[in-house]
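First the structure, then my questions, so here it is.
Chain IDs A, B, C, D and E follow the sequence of writing; residue 1 opens each chain.
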Amino acid sequence: MLEQLRKKAKELLKNKEVEVIIGYQKSNNNSFTTPCFIESEDGVDRLTWDEHCVYNLSLYLKEVKGKVGIVAKGCDVKSIVALMQENQIDRDRIKIIALECQAQVDQEGQILEKCRTCQVHIPGMYDELVRSKTSPSKIESKESDKEYSVLEELEAKSTPERWQFWQRQFEKCIRCYACRQVCPLCYCSECISEKTAPQWILPSPSLKGNTTWNIVRAFHLAGRCIDCGECERVCPVNIPLRRLNKKMEKEIQTMFNYVPGLDSKKKPPLVDFRVDDPQEFIR
Amino acid sequence: MARIGVFVCHCGTNISATVDVKKVAEIAKGFPGVKFATDYRYMCSEPGQDLIQKMVKEHNLTRIVVAACSPSLHEKTFRTCTQNAGLNPYFFEMANIREQCSWVHDDREEATLKAIDIVKLATAKVGKNNPLQTTFIPVEKKVLIIGGGISGIQAAIDVAFNGFKAVIVEREPSIGGRMAMFDKTFPTLDCAACILTPKMVEVNQSDLIKLYTYSEVEEVSGYVGNFKVKIRRKARLVDENKCNGCGTCWQRCPVRLPSEFDMNLGKRKAIYVPFPQAVPNVPVIDQKHCLYINKKKCGICKKVCPFEAIDYEQEDEVIEEQFGAIIVATGFTMFDHSIYGEYGYGKYKNVTTGLHFERMLNSSGPTGGKIVRPSDGKEAKKVVFIQCVGSRDEARGMPYCSRLCCMYTAKQALLLKEHNPEAEAYVFYIDIRAAGKNYEEFVERVQDEYGATYLRGRVSKIFQRNGRLMVRGCDTLSGTQIEIDADLVVLATALIARPDAIKLAQMLHIPYDQNRLFTEAHPKLAPVETVTTGVFLTGACQSPKDIPDTVATASAASVKACGLLSHEKLPIDPQIARVDVEICSGCLACKEVCPFGAIEKEEIVDRVTQQKRWVAKVAPSLCNGCGACNTACRPGAIDLDGFTEEQIFGQIESLTADKGNER
Amino acid sequence: MMKVAYYPGCSLHSTAREYDISFQLVCRKLGIELQEIPHWVCCGSSPAHVTSHLLSIALPCKNLILAEEMGLDTVVAPCAACFNRLKIAKQEVAEDSKLKKEVQEVLGKPSAGKIEVKHPLQVIIEDVGLKKVEEMTRRKLQGLRVASYYGCLLVRPPSVINFDDPEDPQSMDNLVSALGGEALPWAFKTECCGASFSLSETDIVFELSGEILNEALEAGAECILVACPLCQSNLDLRQKGIEKRRGKKFNLPILYFTELLGLALGMSMRQLGLSRHIVNPSKLLERKLAVT
Amino acid sequence: MNDNRSVKEKNLELKPSPEKVKIAAFLCKWCSYAGADLAGGSRKKYPPNVIVIRTSCSARTNPLFVWKSLEKGLDGVLVSGCHPGECHYSEGNYHTRRNFAVFRKLLEYIGIEPERFHMSWVSAAEGDKWAQVVKEVVKTVESAGPNTYFSKKKEDNA
Amino acid sequence: MKRLLKKEELNRLLLGLMKEYDVIAPIDEEGLILFRPVTKVEQVLWDYPNSLKPVKEFFLPPREVLFQFKRGKVQPANLSLKKRVIWGVRPCDARSLLLLDKVFLDSTQDVYYREKRKSTLLVGLSCNHPEKSCFCTSFASGPHHKEGMDLLIADLEEGIFLLESNSPEGEQLLKGRGKEVNKIDEKIRTKIKEKTERKIERKLKPSQFLERLTNGFDSSYWEKASRQCISCGICRYLCPTCHCFDIADEEGERVRFWDGCSFRNFTKMTSGENPRFGKRERFKQWYYHKFGYFKENHGVFLCVGCGRCLRNCPVKIDFSEVLQQLPAQAQTPAREG
């Protein structure tokens, strides 16, 4: 697959379809895979593709100007679709080199939870598609592979227990905002956390401020987050952030039958409505 | 820092009865920013308002809080007063300590504590109020009148008289409404046609009034001064300009159908004019029954028409027009009495309603003025009138009195006796409601001079016995049961709202009550207005009314509408949305949720990066100030003046100040 | 096979024996197994609810409890007054928790809740169904002209009974047409017959029942069908007196709908106890139905 | 009332009794606020625990206001607007319904008792419904007890 | 003074400390190695690379209440706190405090910081198994340095520890404990020291950094180098020497809390003007402050080589690589990034 990727990237650069390609590379001295920006044809050889390409490169699209090529997995493509729904992406300047991706692994080599329930091993939208020759090895499915099984444990808890659990997690937060900065859908030039008049979110890492920050973040991503899992990966204090966003995804899917990141023409759920929306909770 | 003045009103005793107004004023002095607080018996009175203006000067106050009644009553009053005191009218907030405090709590201690919280909330909000300037929008000098009955006609005439253009949209082929069906009118026994037809002609001839008959309002958008209305002109299949109403076509038309105008007592043709004095006097083809339309046979009307006015290919036409104000005059419809088993479930032909009787009374009606039994056409000597059929019947969900049935029944009894002196009229009633001018005298005359028998009691059963209607009831005044073998029974059925009233209400965004009658802005102070500025109500669509009241409200509504149109431009509420382009990231979630299409995207050059980017832009004239965009905007880049984030945040904070945010 | 609790009520074991006999025979024929409620008590009809509301509710509740203890889910009460009392008691206890507590104190047991109260006419129309009845008829009514008289308790108050139409009921009429008779439309189906004034104020009964008989005659009836022992007795027992007072011959046999149904199902007049009627129905029935 | 104690002492003396729950109600000014006024007009009595914050439309009530109220110590929050189809701005309440259908799930998920957040549709003609809603809401919030989410634990600085 | 102690003797020392001081030591909290107050010896971790959050958090806390105010009454935070011991500090972290002292104690003294420093003893633990990302040796420090500590514990393996005091208080703690240190122990200790130092392969040449930086200030290289950075706060917050903070009022409290020059609003002024708005400027600032300005002002690099920024960067940026690829001469066009 790697040669195909490099060949396609070289082609795009050669006939000036793009000025820069955002991809993955092995950083030279150590064994890490990191994002990279290729601007010349011969730089293409630095491109790599393995199971450590966990980064969602679409977050760079808002800063990199001009004609851009981007190497994207199925989940990354979904976030590009979500960005298109919110007028953040001009599709014509983007060339998507999509890769068939079986699964990515974390630092300990374990398959990421999100890949177990992934429906987009073959990305839904692309300009170029790189398929793997050999038939991909099926990841042996575990019983916990149901879409929202990750939530069951917490949902089973009682309300006070859940409050204790999340208070314990939010207490650890140091407000480094890595979860916000890594998320492709957190593109606001001025986040509400920086508002001082009124001061919606207390800026210091107090328990009250952290709780409000995490609630606002979860609500602002409701119906938009495509579960690329980057926020949970980058959180230095291991707060299970995916479990917040996944819960919102589950509720929105049950109530409004909407799955984010599949159709760039569709209106995101929280700016849309149907006359027969559920209202059993309203007196 | 704001210098706030708090004025606590006693409202006579409405507030001071359960709220210790002195203590509220005293405590208010301690609130942040409050520099002056007092209480007074009637803040909305002249001296009350003078007090405010005096204190503003004395303590150079910059913000005013009046703790009294609901803003829906006196917010305007005090805004003007604040302006007269030299401050921006929006530097004022009302604390509702009457409807939402003194009137709903009886424990004095609790009511006072709550009043204090409400005042604290108002002071917190007023401290954050921005100075808003009223902006103005042009006014379309034309009134839309929905409904062409007597109320629509009268309104149109008055609007034209004031020199403004009016457009009547009438669903039926002709204007005239219910009144056109009547024979005489009470209490003067004027002939309905004699007093209605000249007004119909006046409407038709007036060059300021445009008639869209056989048409319906389909869509209303925009707001006061700038309503955009889509009107569907249903295809008449007759060209109005060519036809002069000679009538050759409907005389030769072979299809005979029951005439709805004559309450199915008479006949009409497939191409017909509902009644002789119809305005416009242009027939309409009933597409459901016309032979040509359905089976491509006949087509006589087209052949005989001297002016080629018939056009079978005519299509519905939807036109869009701009209006400054809308007067709703859609009238009423009759209660369906067939749900009453006692009166025979509508099975007996001779059990009719007031409108059937009216059509029989009418000389140009189906019976030429003779009162007959619909079953066999024989003359009806013994007629029983039954009042309150549907009205005042809680069990049928109809609690209200339809106000005018007692009067038209009396009139009909009188006319029955006039048409045939030997005829006997019996009226079963609960209470006679004759409150208008010369009404009571009229009913007395019908009983004394014309010998109508009034029986105070309900009818328990009507049944048939060898061709005659046996009416069983009781007369509570004599305490006996009565059985009358009647030729004809006339039910005074209730006046109810049109079946599609709710659809129209939602189109116009006006509220309606549980009886689907449109709700006026205020039952006493604004009976012909609605909460939606620019939309007015007249006639029975608001509640059942007789002709005198209908004409009165029609004139009132037209004066209100013309009052609006007499302004060159209209002040619009400055409490609308505002975008902070520094923060806006151009996601346009606000544009998606805006019900009025008031938000568009705009390309600007970023101040810091000097690069082009998209941001949202609000069109002040279109924005109605709902604030949906505020919630949709994640970074909080769009704010709604009058209900800004800071104001609401300040209110929440003041509410929880005593809860102690100390840890 | 449908099992149903049977509440006969005082009149079906006395003045209305033929209603009981015909009902039992018809049920056996139609496959309905009746189990009389052991130790049933008075249903608390008019004498009770005039004196004490609690008594008028506790009595029927007692019967409902007894029926429920038989483990059946429906109780049938042929007499319209009993049917009415059971229905009203069940609804009032369900809606008024204070009353429910009082009844529980009086009866010493939690009051009944789940059992359904039905009238035999309802069971025949709703559970057996007219189609099946039609298939089982062996003797058509040969166009016998019948005026069905429902009385004032069988279909009212509609909010509690909610069976058939309170103003113009059709269930007996449908039964008659299904059996081949001619159901006459007439207006006095639910007019009051004078009920229990029969003893204390007999001339009221003469007046009211007279109206009913006269109206039925006017409508061309050959006989009147009833579903309540009291209606039957007023129209039947008092018919002679009424004829004397009005100076007009009626000679209208007053039959229970179960008797007519029995005849249609092939039973004989004697079996159905028709001989007990004051106005003798045998001449009419022999002429019309050729039945002995 | 001629005591001469300074305002500050008096202010403190009027501390509301702690166990009385305090509830904020965000009412849309066209329907629910008018309904509350009608309840006043018809002298319907209901408990004083609910304080009204008037908004232009229920759609203006940002779920963040609800969280901010709970975070700052209020015991319950009620959001009320016009019945669907009757919104003065025609679609406002549809958006409110969706926003809070999602937000209430988030609140419950992180451990806020469901008894603390309520929504209702109250029209301008439903004075008695407003009184009824207030009574029910106050009873339910009282069952959840005072809001102690952020108040009892000492915030440590270390 | 140097002494040799066995493991249980060391535990007894720790127990003794617990009675007299608040002892803070590294523990494993749900997989995160953090310094926390401890009350039982078993809680204390012994073999761990380094904590996630540096000991800076006990001197410049992530959030600190400067004073409280209510209705015009101000109530300053009480500065005096119970004497405490931070046990198991790594040499790089201990040295970082010396750098922070230059910022908070040199010219104007930060009273909050000073009181915390005064009432804290540092008992260090030398590293025998450094991480691959460690490079303390490149910044005048080392796995066995005792700079900035009161007492250093060197693990001689086989359960024997060589304790060396580095301050009067350190000496106080050591008095009368364990055995004398003889030559052989000294030799074992220096052998382990050299072995660990050799384990640290990552070598940097910070000397050229200053010169490269001064030349490359306007180089377009920074545009390319900064593209990969997502401007989060991790490298700033977890760096033991980064000390920027913001101050805000929160519900009646004036609080000081960590801030990072990576954030866009770090230099946003009230007027809306923002000198370092772009990612390029903000990315550069970290390098110039640590290896440029601080070196010029205080003569020493603001880095102790603990490697936290390399381990925790979400996009795996290695600052040493960035600096090495910064073109030596300003004018040569930027080489392919």
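Just so we're on the same page, a contact is a pair of C-beta atoms (placed from the backbone, for glycine too) under 8 Å apart; a residue touches a chain by one contact, two chains touch by 3 or more.
Here the structure is a predicted model, which means the values were calculated and not measured.
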Third chains touching both chain C and chain B: none
Chain pair with the greatest number of C-beta contact pairs: B-D
Distance-maximising chain from chain C - centres being C-alpha averages: E
Closest chain to the centre of mass proxy, which here is the mean CA position: D
For chain A paired with chain C, centre-to-centre distance based on mean C-alpha positions, whole Å: 75
Rounded Å distance between chain D and chain E, as computed from the means of their C-alpha atoms: 48
Between chain D and chain C, distance of the C-alpha-averaged centres to the nearest whole Å: 58
Touching two or more other chains - residues of chain A: 189-190, 200, 206, 270-272
Per-residue multi-chain contacts in chain C, two or more chains: none
Multi-chain contact sites of chain B, meaning residues that touch two or more partners: 582, 593, 632, 645, 649, 661
Touch list for chain B against partner chain A, complex: 582-583, 585-589, 592-593, 601, 611, 614, 632, 634-637, 645-646, 649-650
Interface residues, chain B side, partner chain E - complex: 582, 607-609, 661-662
Complex contacts: residues of chain B adjacent to chain D: 22-23, 26-27, 29-30, 70-72, 96, 98-101, 103-107, 110-111, 113-114, 116-118, 121, 506, 509, 511, 513-514, 519, 531-532, 575, 593, 595-596, 624-628, 630-632, 640, 642-643, 645, 648-649, 651-653, 655-656, 658-661, 663
List of chain D residues in touch with chain A within their complex: 63-64, 67-68, 71, 84-85, 91, 94-95, 97-106, 108-114, 118-121, 133, 136, 149-150, 153, 155
Chain A to chain B touching residues, read off their complex: 65, 86-88, 187-192, 195, 197-198, 200, 220, 267-268, 270-272
